[in-house]
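Paired with chain B in one complex and with chain C in the other, chain A is shared by the two complexes that follow.
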Partner chain A sequence: MNVIEIKNLTKTYGKARGISDVSFNVEQGEIFGFIGPNGAGKSTTIRTLLSLIYPTSGSATIFGKDCIQFAPEIKKEIGYLPSEIFYYDNMKVKDLLKYSASFYKKDCSKRMKELAKMMDLDLNKKIDDLSLGNKKKVGIVQGLLHEPKLIILDEPTSGLDPLMQQKFFELLEEENKKGATILFSSHILSEVQRLCNRVAIIKEGKIVTVEKISTLQENNYKKFKIETNSTLDKDYFQIDGVNKLDVHNNVTSFLFKGNINTVMKKIADIEIANLWIEEPDLEEIFIHYYEKEV
Partner chain B sequence: MNIFLKELKSHRKSLIFWSIGVFLMVASGMTKYEAYSSSGQSINKLMADMPKSLRAVLGFNDLDLTKASGYYGMLFLYLVLMATIHAVMLGATIIAKEERDKTSEFLFVKPVSRSKVITAKLLVALTNIVIFNLATFVSSIILLGKYSDGEAVNGEIAILMAAMFILQVLFMVIGSAIAAVKKKPKTAASVATGILLLMYMLSIIIDLNEHIKGIRYLTPFKYFEAKNVMYGGGLEVSFVVISLILILSFLVITYVFYKKRDLNV
Partner chain C sequence: MNIFMHELKVYRKSTIIWSLSLIAIMIIFMSMYSSFAEDAKGFMKIVENYPEAIRNAIGFNQENFFTILGFYSFPLSFITLCAAIQAMNLGTSIVNKEVREKTADFLLTKPVTRTKILTAKLLAALVSIVITNIFYFAAASFVALQVKTDDFSLKIFFLLSLTIFFIQLIFLSLGIIISVIVQKIKSVLTVSLATVFAFYFVGMFSDTTGDEVKRYFSPFKYFDTAYIIKHSSYETTFLIAGAVIIILAIAASYVVYSKKDIHAV
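Presenting the complex of A and B:
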């Protein structure tokens, strides 16, 4: 069953780019990564899902219901952590969390204390006085307080120290085990690699690919580096499946996806001095997706 | 209900200041009356010597300033100005501030519809306005009573306050409509106040020029003037009806536009 279904979602802001034709599904119980560089349209997509803004065309459903028409109903089961946290300044952390809890028909006081203890958050401080990281913690507690079935996180780790980040991820994994579905947007890849089952990669407002993390890491990508004795023709390796081809003096490097034999035959035909074949890390795969096509 | 209480609390301080302000306004006004009346000079005569335009600008056309109630009628114009500025700013800010303070990503992901949020906020604004009106009412009764010299003034004050209340509500929804329509929430309050001051200036221009009396429908400041309302004049039915229609229209604009537009996040 799909918790989120996004169909051809498009949002344009005048001339500025928003998102165009975004489609993907998030299945029940998975941790789904939503990856892209800054300004690619991650937040726009999420805000449209939450009906903070309305799509120019296309639609989305959450729990099988239209995300605009049934917005108040759907939101009972959504916890959201925005990328930038702003709260009513004149409130204590405790009061803000109580206010937040008052929107859900649940008693959250016990859970509030649990989460605050876990995240090492002082409930009696004024929100004004908190550092960026501590504000983020308030956001995390606030988002998880009512034990939502769908947790939407927009760049959740900025401002958290590594130790806190670790605790936060454990918390998320725990929630996930209890049955919560998580949509996790980020531009930091290591986070995604560790937590998520699947990812959607968004670039310039368009979805580039939706794949399992394991598939992305599978051996179908190879990093080749070839050193030759003489300068090689620039287009010698310009064949199907080659990406990021770079010829620098006698060194040629590229990423390859496809039948490995075709490359090996090409290599066998030339005089080489040295050869490296490596698995690329995720970072390189993503950079390949990130970079604008020339 | 939770939004209502939260908003009420966040406006408490400013409401207290405004209420103190209006008390001081009435107090200082009536102290001046005391100075005039005790000096033995006939203010009316003094005023009659003034050019008509100056009287119009100062707002004391056709009022008997020797009487405390007449003097209060002049003061009423300034009370209305103060009350409506409060109302228009409140109406605009209470809607716009979630976007201005970037708290809309908190409030509007909660399981409440935008309409319900607006309803709660407008009810808070209305409560504030009622309290401001009562504060003015009580201040006026206490202070004017001191100088009225046995003249029955409470009835006059009551009807003036009723007029002021209609104008307050009208300007509150003008403010909220502006905040709902405008995409830049930061400027909503200043635009709303600007429009109010333009209307006020228009009302003075109409005072100065009898020929353009026809356009008095354009500025609510001409709807219920002290000189017409006091001494048995009452509220003119046509203007009450116009006010109600305007209030309703601005309410509809507030709800429709705020529901349809993208929030500034």
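Presenting the complex of A and C:
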């Protein structure tokens, strides 16, 4: 079952780029990554899902219901954490969280305390006096206290120290195990790699690809590095499926996609001193997707 | 309901401060009444020498200037001016505050419709204004009863004071429509001061020419104190004009607000 279905979603702001023809689905129970550089359209997509902005054309459904028409109903089960957090300054953390909880027709006080304890957040402080990281924690607790079925995170980790980030990820994984679906937008690939099952890559307002992280990493590309005893002909590995070929003295490196046997045969024909075959990390794949289009 | 209570709490301080300020202005002026009444004749002569345009502009009219009601009309125009600023501030900050403090994302991702949000905020602002008026009227009638030299109609006194409320409603709704249409207002006070003073001066200008039609351009001139004192009622056409402005502005605000894109900041 799909929790989120986005169909040909387009939003234009006059001349400025918004998003065009964005389509992808997020399945029940998965942690879905949404990556792209700043300004690619991640926030625009998310804000449309939350009906903060209205699409120019196309539509999206959440829990099978249109995200604009049934917005208030859908939002009962959504927890949202925006990238930048500013809350009513003159309030105590506790009061803000209570205010937030008052929108949901259930008792959230227990969960609120649990989360605050987990995130090491002082409930009696004024929001004014909090540091950026601590404000972020307020945002996290605020977004999760009603135990939503869908958690939408828009670049959530900025301002959190690595330790808190770790705790936050554990918290998300825990929520995910309990059945929550998570849409996680980020421009930091290692985060997405660590957490997500599938990922959509967005670039200049268009979805470049939607794939499993594992597929992206394993099946598609291998990173080869070959050290030879003598200098190799520059074009020796210039075959189909080879990318980013780089020959430097006795070291040749490239990315390869395709039938691995063809490369292995080529390698078998030459005298090698050393050989590394690695899974490229997401960063390299990501950059690859970007360069391809340029 | 929760939004309403939250907003009320936010307005609490400003409601108290505005109420006290309005009352203070009223007390300062009204405390001069008794000495004023004594020097009535001498004063009358001085003012009679002023050109008619100026006499009209400052709200002076000879017949009832020295009755307490006539005298009260004089500070009333200043008090209304201040009260209009309060109302305009409230109205302008209703939606704009969420944008400026970047809390719109918080509120609008909760399971409530935008209509409900606007209604709750509107009601909270209205309550703040009503409370201000109740405080003000209680204090004003108490002071008037203390300083009076002759008996006066408390009903007319009430009608005069109530004009503050009506004008506040008009400026509240103007404030809301501005805050909904303008994407981001840097300083609420600048906008509200500018708007209120603009209308105030338009009103003064229309006074000097004595043209009836021009009165429609400034809400400050919808309630002619001399007329109220004479007829102990309001002018119907201007009441209707006021109501039309309020209804149109608020209806338009609902439409614009529910269709508006809330951008990230």
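FYI, the second predicted complex is superposed on the first by the 236 of 294 C-alpha atoms of A that agree within 3 Å, B and C clash if a C-alpha of one lies under 4 Å from a C-alpha of the other, contacts with A are read in each partner's own complex, and residues count from 1 in each chain.
Following the convention adopted for this analysis, contacts are C-beta pairs under 8 Å (C-beta built on N, C-alpha and C of every residue); 3 or more make two chains touch, one makes a residue touch a chain.
Note that the structure is a prediction, hence the values are computed from the model and not measured.
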item: Clash or fit (per the criteria above) of chain B with chain C on chain A; value: clash
item: Which of chain B and chain C A:Arg47 touches, first, second, both or neither; value: both
item: First, second, both or neither for A:Val210, with chain B first and chain C second; value: neither
item: First (chain B), second (chain C), both or neither touched by A:Ile277; value: neither
item: First, second, both or neither for A:Tyr80, with chain B first and chain C second; value: both
item: Which superposed partner A:Ser100 touches (first chain B, second chain C, both, neither); value: both
item: Touched partner set for A:Ile267, first chain B, second chain C, both or neither; value: neither
item: On chain A, positions contacted by chain B and by chain C; value: 47, 50-54, 71-76, 78, 80, 82, 84, 86-90, 99-100, 102-104, 142
item: List of chain C residues in touch with chain A within their complex; value: 2, 6, 10, 101-106, 108-113, 259, 261-265
item: Residues of chain B defined as touching chain A within the complex; value: 2, 6, 10, 101-106, 108-113, 116, 260, 262-263, 265
item: Interface residues, chain A side, partner chain B - complex; value: 47, 50-54, 71-76, 78, 80, 82, 84, 86-90, 99-100, 102-104, 142
item: Residues on chain A engaged by chain C in the complex (per definition of touch); value: 43, 47, 50-54, 71-76, 78, 80, 82-90, 99-100, 102-104, 142
